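Structures incoming, each one as structure tokens.
One chain, subunit A, links the two complexes that follow: it is found with subunit B in the first and with subunit C in the second.
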Partner chain A sequence: MEDKRPWTFYAFAAFFTLFVLFLYGPMIVIYILSFQGPNGGMTFPLNGVSLHWFEALISQTRVGDIAGAFHRSIGLAVLVALITVSVSVLAGLGFRRRFRGSAFAFYFAIASLIMPGLFVGLGIALTFRLLGLETNWYLSGLGAQLTWTLPFGLLIMFAVLGRFNRSYEEAATDLGATSWQRVKEVTLPMLLPGIIGVALFGFTLSYDELARTALTAGSENTLPLEIWAMTTNVTSPTLYAVGAVTTIVSFLVISIALGSIAFIQRRRALGIRQESLAATE
Partner chain B sequence: MANAGGSGEVSVVGVTKRYGETVAVKDLSLTIPHGAYCCLLGPSGCGKTTILRMIAGHETPTRGDIRIGGTSVLGLPQVRRGTAMMFQSYALFPHRSVLDNVAFALKMRGTGLSERHAAARELLAKVQLEKFANRLPPQLSGGQQQRVALARALITNPRVLLLDEPLSALDEYLRLRMRGELRRVQKELGITFIHVTHTQLEAIAVADMVVVMANGHIEQAASARDIFVAPRNAYVTRFVGGQNVLCGKVEGVTDGTAVLVSERGARLAFPVSGRQPARGAELYGSIRRDRIAIEKLPAGSLPPNELNAIVGEVHTIENQGSYVKVTVDFADDEEFVAHVPDDEFFRDPLDIGDRVVARWSASDINLLDDGLNVRPAMPMAAAAS
Partner chain C sequence: MTVIDPTAGDLAASSVSVPDAEVEHAVDTGEVASWLQVTPLMILLTLFFGLPMLVVLAVSFFDFDRTDIIPAFIFDNYIDLFRSEVTLRLYLSSLKFAAIVWAVTLILGFNIAYFLVFHVRSLLWQIGLFLVCTVPFLTSNIIRMISWIPFLGRNGIFNQALERAGVISHPLEFLLFSDFAVVVAYVHLFTLFMVVPIFNSMARIDKSLLEAARDAGAGRFRVVAEIVLPLSKTGIALGTIFVVTLVMGDSFVVRTMSGGQSASVVSALQNEVAALQYPPAAASAIIMVIIVTLMVAGILRLVDVRKELAG
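Coming up: the complex of A and B.
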């Protein structure tokens, strides 16, 4: 390689390295510290290595209801993902046909992305109180999170459908498919990678949502709320153990989603099935 | 495989199609006989694809009727029309195997798995793709995909097959092979094929009937042979190619031959059998590019004073193998091209910039409608201005 790279390459590379360090450095420190020995503190040095704080996480009631919050958060995230997928897929398909007021409806839906989350939550909480309803994570909390995930899902579906050639659907109709058969046999299977993406977004956005959930979750906390509370009153590496566990869960969810997209696309791109291998040889 | 759908005669009756303010098709009528291979030919935006899509039922005419086998199919779902469509990029379902793609229509009808797979295999064998049955479409080459699309469209035994630019996704070599293949399949099945294309030679190569379109109406509908040798007007002549458009003002008519003077002063003779164009009227004719003799003019010699001989400079020379395409700078805004047989050309090759005389025989002139249509409607002074 005789080509000299320009100095800008090194400048940007240095900047990128700093960015990565800033992004992952503190988190890695937290993961390391979560393995602190039983007598260690919140900071370095490590006083031995143990799983003590992970055990404390499950057994200690003093730290709060971590397990309960985790279950609620997962349940809520699954619920949010399901609703986001169904609504944004249907809305995305519907928006392909221009109707009177469709542009208005679209911008109206997207506008909730720019509303300050804390106030959306406050508004929902006040409305619930006004109506004499109790706020809880599965009603007011769910609604507050959907104001955040639905516009995102819709935007992703727009991008996905923008690249989807309508002639596939016309071909299906031409070959005698009813509209339901067309959706089931052609549209949904072809959009599946994008739909998984929407589900993934819905899940992760919900799983670590704080601003909108803070005032709408009611008496039982979701995991981010629980962690937020812990940062002010827990002074042991248990906090780090919580961070490590929640990160692993996020990581698992993302790998499953991306893995299934990759699997679908791989199968489409070069997945030669057994029979055709046998047939061509 | 016999077609079960009855007559495949397609009639487009006074059809207009509007998209908002834009008129894609204007009061168009056309009848394509059963079992014909018809090409709709025209530049993009001329309405040819809209016609095809209206016959298929993917668009609805704003006005007019579409009949297949004598009965109106307006409002009928695609399947009940007895049509099948092959899409421009084939639109093969990428998530289904080749076999399942071909069997798709049968699956939609509720045919059992083994039965529909057997039928699909039979069709795949016809297009020599049975060993690719379990592949996915993206794994096939363009030509193979085209054959899968053909098999998929044919499985319903349509009486009319609609092909939207079926060859445009292929490279030159495959395009030439596949168009022969399409023609062979059409003959074998005996059903009506309607093929949309913007490639003149493709239309002439495959079709029985060519419909040349422009701006939402038909310029000429005739046999492929007639479209090539007897184009009706200057538009068709220019679009189809193969002929040069000549134009001049009438000086006089004797014995069914009009003598004209071109813009640059060349004197042309047009046979006008039976017609009596007025003096000063503008007449258009066409002359086949392969019926023109080109001869080098020695330097300093005067242009010949004879009919049907024009003088100009050689503008471009393109060797086409069996003939050489010579463009002569003759009229200001009209290309004048001669196809010179290769052996003749290379006996005494021309060079760009050579002064040449091009000659042809008056009997090879094909009179065009343009001037004749205009003449009765306009006073002579206006036509001559």
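Coming up: the complex of A and C.
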């Protein structure tokens, strides 16, 4: 155990603090500016404090269909999260074994992840066009987003499964569990925190997605597309208000996910302690 | 209750029910189970990624008029692309951004990961600080991007602060709607993609290696240069792949933050799409994909990334 920290620790800590300021500073500033008074502009000074720009967000039809876009985005994000969890958790389990074609399948997924989003959107839009179908957010938009959330979910599953101790599964088999029982009673409960992580990423990556959805959402916009349109024609703090609202939603989802992971871990730790107490008695 | 055939153990975590008799006679049931588990992923990716990219390839050879695309097999779109002087300029612009952003995010990412892994001693703090870095990534990219506008604008916070401090008498014009603003936004958005893979690589380094090196008389910087850096190679490679492909594939940041003054390959492509010129856009996308694939293949030749991910 080292008793005294080297000077480099303080240098790095200062550097890290600056980085965190760089990450959060601008975001915090626009949340403050979203409470700008009715006569205030896009930057400081604050011209009074008001909820004017939030009200404008709800009442004004001039800024577009924010409420509709918001509902669509939430619905789409839930859908994407559900599909991402079921498909990439299953695939992650499959990848634990080397199988013929596993390298190809892996690189295919990675290619899908790093392909510029606009290209994927262009491809899907062209495919729909050639098939004579209309693009819409719930089919072409959904598919476009999955090309990015599924590989992402898979990578998270790799990280989660890398730390997973398979001897629990073997023990279940030795005790006579069928393969379905083993999955349901052992594997999935143990992987639950990781699965919540996959759901969180699936939701937020979809909720904030822009490049893949831009050409595939069809006539009805998702929220990021609506905001993107606003950046080019809205020059009032309404833009910040919408930013504040959408970030609150993100933070809510993140808190729920992290909270439930922490809850599970704590209950688990308690359970283990109680068991060891019972064992010593 | 029947005693399970031991070969069924290979069916690990499979929800697929295979009759016992088949389990005994199948050559490799584990492989079949894996295939079945990966199938939904492959079907979805084929439908929404593989097939559409083939369509892009096909359309890149199509002809077009003002309103429609016309099935054909012509090379005009590619010939026009290579003849145009703009193409080279766009690629140079995209590559310039990629190189600058790569260098900055690498320096930031390496040092942040190093701090988190080797300087933060308590696991709880490590997780907490790691989350602090991760959370912004889970919020809207557009909002994070536009949040630089009140900072960098002509009457923005930087200029106000500098003027008040007496450093400058006129506001700096180059801060917003410039290449500088584009780089700032990229670094803000993408540094995390460098931090996470490098963090993962570094977390696996056996700390006793560093102690041994220090006991043998290596200084702080030699330990980093000769042990930490080589052992974080896979993380750096992965981060590089993410950052370079993200920057090369972007059009939204470069448009907004340069105020339309700078362009990238993809933003030019977006203009073609908006003008319904799909075949030239498709040809441009194909060339871009080939170039990015070559870059990624080059990185993968240097470092075996899959070992790191799947291992």
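Operating definition for what follows: the second predicted complex is superposed on the first by the 253 of 281 C-alpha atoms of A that agree within 3 Å, B and C clash if a C-alpha of one lies under 4 Å from a C-alpha of the other, contacts with A are read in each partner's own complex, and residues count from 1 in each chain.
Here, a contact is a pair of C-beta atoms (placed from the backbone, for glycine too) under 8 Å apart; a residue touches a chain by one contact, two chains touch by 3 or more.
Note that the structure is predicted; figures quoted are calculated from it, not measured.
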Partner chain(s) touched by A:181 [first = subunit B, second = subunit C, both, neither]: first
First, second, both or neither for A:190, with subunit B first and subunit C second: first
Contacts of A:138 with subunit B and subunit C, given as first, second, both or neither: neither
Subunit B versus subunit C as contact partner of A:170, first or second or both or neither: both
Greater subunit A contact set [subunit C / subunit B]: C
Contacts on subunit A seen with subunit B and repeated with subunit C across the two complexes: 170, 173, 176-178
Subunit C residues within the subunit A interface of the complex: 1, 3-4, 8-17, 30-31, 33-38, 40-42, 44-45, 47-53, 55-56, 59, 69, 108, 111-112, 114-116, 119, 129, 131-133, 135-136, 138-144, 146-151, 153, 155-157, 160, 188, 191, 200, 220, 241-242, 245, 248-252, 256, 266, 269-270, 273, 278, 281-282, 285, 288-289, 292, 296, 306, 309-311
In the complex, subunit A residues that touch subunit C: 5-6, 8-9, 12-13, 15-16, 19-20, 22-27, 29-30, 33, 42-44, 83, 86-88, 90-91, 93-97, 99-103, 105-106, 108-109, 111-112, 114-120, 122-124, 126-127, 129-130, 143-144, 146-147, 150-151, 154-155, 158-159, 162, 166, 169-170, 173, 176-180, 182-183, 187, 200-201, 204, 207-208, 210-211, 215, 224, 227-228, 231, 239, 243, 246-247, 250-251, 253-254, 258
In the complex, subunit A residues that touch subunit B: 165, 167-168, 170-178, 181, 185-186, 189-190, 264, 267-273, 275-276, 279-280
Subunit A-facing residues of subunit B, complex: 56, 58, 77-79, 83-85, 87-89, 91, 93-95, 97, 104-105, 107-109, 131-136, 138-139, 152-153, 156
